[in-house]
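Down below are the structures I want you to see.
Shared between the two complexes below is chain A, which has chain B as its partner in the first and chain C in the second.
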Partner chain A sequence: MSRPKTLVAAVAAAVALTASSACSGSAKKINGGGSDGNVYTSIDANNPITAGAPMNPFNASPNTFLGYDQMQLGFDKKNPADPNDFFPGLAASWTATDTGLTVQLQPNAKWSDGTPVTLADIKTSVAVAYTQGLAGPSAATANPSAGSLEVSGVKDLGGGKIEFDEQPGVKNLYFTRLALSLTIVSDKVYGSQVPADVWTTIAAAQGPDANAAKAAITKLTTEGKALAAFAPAKDVSAGPFVIDHIDPGSAVMNRNPYFYDVKKIAPKQVVVRHFTGNEQIWSYMKAGELDSAPFTAMPTNVLNQVLGAGYTRMDSVSFVGASIAFNEKVAPFDKTAVRQALAYVIDRDAVTKVGEPVGGVPNAATTGLIKAQSDTFLSADQSAALNPYKPDPAKAAALLQSAGFKKDSSGQWHLPDGSAWKITLQAVNGFSDWISASAVIANELTGFGIPTTAAVTTDFATYKKEMGAGKYAFGWWLVALGPQTDKAYNRLYGSDDGFVYTNGQITHNDSGWEHTPETYAVNGQTVATGPLTAQLSVTPVADQKPIIAQLAAATNQELPVIQIWDYTRVQFTLNKRFTNFPKTGDEALLANPPGVWMMQGYVQNK
Partner chain B sequence: MTGFGRRLAGKLAMGLVMVWAVATFTFFLVRALPGNPGDVQYENYILMGMSPGQAQARVNAVYGFTSHEPLPRQYGGYLWQLAQGNLGQSTSYSGVPVAHIIGSALPWTVIPVLSGLIVSFLIGVAAGVVAAVKRSSRWGGLLSLSGSVVAGVPTFVVALLLLLVFHTEWHLLPFGGTSDYEAGWNAPYVGSVIEHAVLPVCTYALLSYGGWLLAMKSSVISVLGDDFILAAELRGITPVTRARYIGRNAILPLFTVLALSFGLMFGGSIFIENTFDYPGLGSLLLKAIGTRDYTLMSGAFLLITVAVIAANILADLCYTLIDPRVRR
Partner chain C sequence: MAVTTATLGASPRARRPALLAFRTAVLRKPGRVVGLAIIVLFALMAVAGPWLYGRLEIDPDAVYAPPSAKHWLGTDFAGSDVLQEIIVGARYVLGTAALAALITAVLGTGIGLVAGYRRGFTDSVLMRITDFILTIPAFPLLIVLSTVWDFSSPWLMGLVLGGTGWGGMARAVRSQALSLRERGFLEAARGLGLSTRHIIVKELLPNIAPYVAMHLLLSTIAFVTAEVGLFFLGVVPFSTTNWGVMLNQAVFSGGALESPDALFYLLAPLSCIVLLTLGIVLFLDAVDELFNPRLRERA
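Right, the complex of A and B next:
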């Protein structure tokens, strides 16, 4: 055959292959997207597909998907008033007892191979959690008052009832939520990966002999390494879906015919698509290919394009806020008046409009919590007493003058020692909202007479390292990580601020980067922020209000950070192939992945 | 040993030394990056709702594959494992062998980049010859201008433009992933792979075409001025023979660049893979850097190094075949 003919033949073959892809019925189409209404396409924001990674939920890059094939006993409703409020999962119901937790398994709970979920599966799952740092003394050693899942035994009470015994002498307020959040795996698949003597090792780790406990923890962690790298040959799921296969661009899951409530599950298949960044998710949405999509920071024009493609926006509370943190070891940020002055200069409405126009709400008042959560704990009077630091250049100027700062004839502020005051505001590459917002804040501060440069660190690993090393005096930081209040305040008055646990006691040292004082004087009272934060973790939510009132007032007055915006969890759904999605206001559902919506009867074929 | 054998042995020995040098350099370079693998994941675990103690314990468990031995000992172990063909275990994949992860991503870089490279080379070289020969005409000028323009446009602009037009607006070509069908040697799967590769391949080809065109044009113009062409024309050779003379001589400088491009393609094209959500080595390398996965970074860099060195050796050896002057 001559060369031109060969070329023509090759092109013809390629065209024929392409054309046949559209009309052949023999091969299995996976990314149904447009034509097959029974294929639900989405993206797991926490878990992009990773080629070559195992279908093992304990791997750092797992190819398993919470709520679809990865199951728990229950699913967190993220209720700030009740941290143990959960949707049923493999547990149909549960009762907290004085000695632990009793769980009633779903009557028809089965694995995708048709075998029932049994005590052996639960026991193996708990043992695996111990090897993965998800339970046990390894976590407790680091922070005993925060508590960890300390299960000393798992028993079958008959009739599908399982009892989780809490280690004697330990009383963890969050035992229920930690137990219900456990990933439940099949004993048939993972049992062989757990050493036969694992419960003996767990008992030693919980024992009174400190050296033996330490050795046992090391042993558990070592055993956990092999387990994290373990690659099951196939997925065995007790969830509504089971992985058919993973290709580099998507995970394809079929409906699990043995799922305990399979009649509620409308899609016959779920395709979770790979993504590398926000832009890919936007592209999928603009083309109408995703049935639901997670929140990604997006500018207003992209939001309009997405809405124009037919998507419905659903907003819910996200327990996280963006703030600017200070390193108080660096002058002049050690002065409360300076931090307050900066708060009066920064116009949070304007900054949010540019930085996070879609997924952010300007913060109402810095308290260490997002507004939705502080409203739960603070009375109307307490909230009214908080300083909102509304933009007020005159107040800012007065505060700086009271701290010895002077303004020169050109309008530029000088430090008390007479030197020019310049600020660098640090953000992180890839955090587009922080970077955009930095530019606005830099303009505002510069306009006020404090020349400010917006700088960007190459990536988060470097940012964290350099922030810890005290390299940044003024930089972005995520705060108010709830809904558990102890975790939210731990972000401000925890290890980053030098509060550490030694032999079960909290002490303060110079190891953090925030360098706030150990105590604050607020309204004539001394507020010990670190110990109060630790106290939150052992105080029932119903009794936390007085502690939170102190911490919120202290944080509002002293401003270890200036909270800029509260994030909103924005999600999108497309009512084209499926209907009956959760709506704005369905806070508990929207805090969970679509697989959990389906378990509750949502998402039906159109 | 023949002359060719001696040359081959010498180049292989030199290649091994270069691989060792680059492996050593990258080993220490990636470990000099600030931050460590656990830091990023710790933050993620905190954001996922774990307490600091739990998050730290989880990091200790998941990132237990990060070596805490002194660097010289780590280096010795790395070289020893490398000599046995073991690239080590990934930290961001909790101990999965690096060779397995790279092997999973490799085809999705080779397919689009190799196709794009070949297409752009063929079109670029042909257009370069025309642009040189017809350099005084309007068509020659237009071709040269097209080469200059596409060579100057940033990758992401071309990629986003193609994505917008052919996927978002016209719905002609798919985006994201590698296929819409379950993997297998059947027509729908292969056809779907081709469909998914069209946009990345076109982007790569379009961006590379300008470089090849301009290089070939410059080379042809240089050859056109050579005495041997004038002598041949005076001898009355046919236009086809003249074109063959010009082409064979003008393409020599491009041959080395092409061989190096084959080697460099293993680095993937981060912008193209990222824009089209194509899960190749470029995306993998980006993730490895972001998570400070030292072994995965070292493995990916080593693959690129070996590929470039191998391509270079191959180019040197082939050069002796296509250019008789080098054999002297």
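Right, the complex of A and C next:
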């Protein structure tokens, strides 16, 4: 996969959670405020420049950049132990209450036009989130088990204190997280794009009258489409930078003189370069053009070139894993023995070495989580009991024979009905790691006696659509999208598997594409995967261990997917024009874009 | 083959001069021998490649290994031998090009001859169809079709390339036919009351054959480039032995433009395309002489 593209999917799916906490910034050194600095050049892996697209963060291809000119109240530290652990953003601090969240805005929070950030901006931002399906019932539909941000009102408590009231009757564990993650936009720019009666509509959407709620959601969605297409005449930013201009090759942002902590911001300008593929990012780095580069898939030979150009490598945990998923409606993948046999044939070490040699670690055992996260939930005994499915052709053969498969004299396996067994392994065009890895897996399976062809779908949107339509029986899939565990398991036992969460009740139907059974029998116990996944979303992290233990054991035994590798977030920095970058080990910082590093006092002129 | 043998057996006298002329034309210049040798080499690769090497071995510990005694052209992203991939991949490339060339020759020549000789309404209808074919952008069409059709077999790809590629040949042949039909020998044929079919097949076609042959070989180069280009874009089924996929993997996965390690992986399929083109161009010289009596006389 083109790493950036994977990252889009990974990051998009891994953002959004909540809880309660207070926090403070951890700035290191402070720069000299308004003095000139160097120009900082980078790439936004999630957001290549789209010529002609509006400077609107809600557009499908927005020309705004998180952490630079696009601001939130806080920035997610991706702390698996505390999903509500955030860096301060426009919120200097916050406190979770029984009825919602109280936020203290930064004392000097101002927009790039010099006007202060006010309650009106926050209210408009929440309303906009409802129109975009980022809050309210639409968001709940998108992430059924995780619930959604349900705000009944936003109040000014004075002195820069803002109160978010959670909808009465709703208690989302992650309300804090969801509220802090909201994109905050200027009321002066977006207020006119939101109808005056939007809060009445939101109230109707939250109300008990189902028909009125449905009509209100439809109205919000319609309004949201118009808002997403809105093109502001100029960028008005509360972040450390504000867009000066955008051309097809780059976005140029100047330091925002009104940013609340501008003295920490060293670069006088940020240039975000456009890219169409990994090889362009490699090329930029080889030429020493980027001051930092995001997570990009690369082979070892390119890594050596990049390091040779003077870059420093920074590794951090990425809560994403690559796996091969099954459509269990398609025989013979409905048989557990078949899935287990395939797991015994695939040599994950070899596949990772070829597919993701720099940014991947072979998965230790399929659990639905990456190893770094499963280790924090499972006891040593529970981890030891997991089957790692080390390559073992003899075990694979025995499993297939037990399932009625036969091998002919030429060494090819035949299905129980006697027909020759052939497999197509589906990947996505541009996802270079998946494609390269597919070649190895196809080779291994073919060598075992199951002729396997690697096929490539033109783009990821088509891939997801066709996968959802049940077109692929055996294909690549991102899993373990954490650190929120309910989201990780929702990837396996959520809407893709036909589990529907409505009005606090979870039901199972045939609408997904995975088609796993509703329950598994594991160690003599019945494991109801969907309800357990939903239960995770209302269970504090500290109490999740028993649930995770069941889900991990069931997933390891039944293999709805075979996890191939856990991604490592490999980033690069160049100590040529700037210094004081985060380092390997600064997990929270490295989970955020460079703009957030700068807000925390990192990145200084050299 | 049976037909050929029977024909040869029935007419040994006719065979000898043709073979002799061919040998004479090829041997007259060393470049022509080289051209023929290259074409024969690739043809042999296409025929025998997949039989010589079944499943290619992978070696994750020898990714992008440099050329060595074991791997003459180095290894690819999975540690597979690049030379073996090139040899195995020749069948798809040449098979597709050959089928597309055959379709181009049959349709382009047939339609061009009939249109040029018959003129009038037939000419108008056939040329409007030809113009329509010429307006179809074959490469973008292939990109679109690749999303719905499975091009893992060379035959379907060849069919599309040939089906959209004969227009130029038809136009060119028609022009030649229009010119020839006014010549004396054709007027004499018509005067003798020979059938249209006889005139087109026995009188017109032999005179146009050298033009068709050369056009065909040049089309083959275009077809090879088109199919490899399509695979390079990565929008058709993935096969590690496909030359276009090799180029794609070398650039987009192996960083061949950033790192010398994957350079041989990039250069191998590129060199093959260049070599094949060179072979065809060199051999064209011989074909020209073979069909052109004036050149034969001059020689």
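Keep in mind that, in the parts below, the second predicted complex is superposed on the first by the 560 of 606 C-alpha atoms of A that agree within 3 Å, B and C clash if a C-alpha of one lies under 4 Å from a C-alpha of the other, contacts with A are read in each partner's own complex, and residues count from 1 in each chain.
As a convention for this text, a residue touches a chain if its C-beta (ideal position, glycine included) is under 8 Å from a C-beta of that chain, and two chains touch if they have at least 3 such contacts.
Quick caveat: nothing in here was measured; it's all calculated off a predicted structure.
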Partner chain in contact with A:398 - chain B first, chain C second, else both or neither: neither
Touched partner set for A:212, first chain B, second chain C, both or neither: neither
Partner chain in contact with A:277 - chain B first, chain C second, else both or neither: both
Contacts of A:522 with chain B and chain C, given as first, second, both or neither: neither
Partner chain in contact with A:337 - chain B first, chain C second, else both or neither: neither
First (chain B), second (chain C), both or neither touched by A:286: both
Between chain B and chain C, more extensive residue contact with chain A: B
Chain B versus chain C as contact partner of A:462, first or second or both or neither: both
Contacts of A:439 with chain B and chain C, given as first, second, both or neither: second
Which superposed partner A:45 touches (first chain B, second chain C, both, neither): neither
On chain A, the residue positions that both chain B and chain C contact, one per complex: 277, 279, 283, 286, 462
Contact footprint of chain A on chain B as seen in their complex: 33-37, 39-41, 43, 46-49, 51-54, 56-65, 89, 91-96, 100-105, 108, 163, 167-168, 171, 175-184, 186-192, 194-196, 273-275, 277-279, 283-284, 286-287, 289-292
Residues of chain C touching chain A in the complex: 55-56, 58, 60-61, 63-64, 77-79, 146-147, 152, 234-240, 249, 251-255, 257-259, 261-262
Chain B-touching residues of chain A, taken from the complex the two chains share: 14, 16-22, 24, 26-31, 33, 46, 49-54, 58-61, 76, 131-134, 136, 138-143, 146-148, 221-222, 224-226, 228-229, 231, 244-245, 247-250, 252, 273-277, 279-280, 283-284, 286-287, 289, 320, 459-466, 478, 481, 484, 486-487, 490-491, 494-495, 537
For the chain A and chain C complex, residues of the former touching the latter: 2, 277-279, 282-283, 286, 298-302, 304-305, 349-351, 353-354, 357, 427, 429-430, 432, 435-436, 438-440, 443, 446-447, 453-456, 458, 462
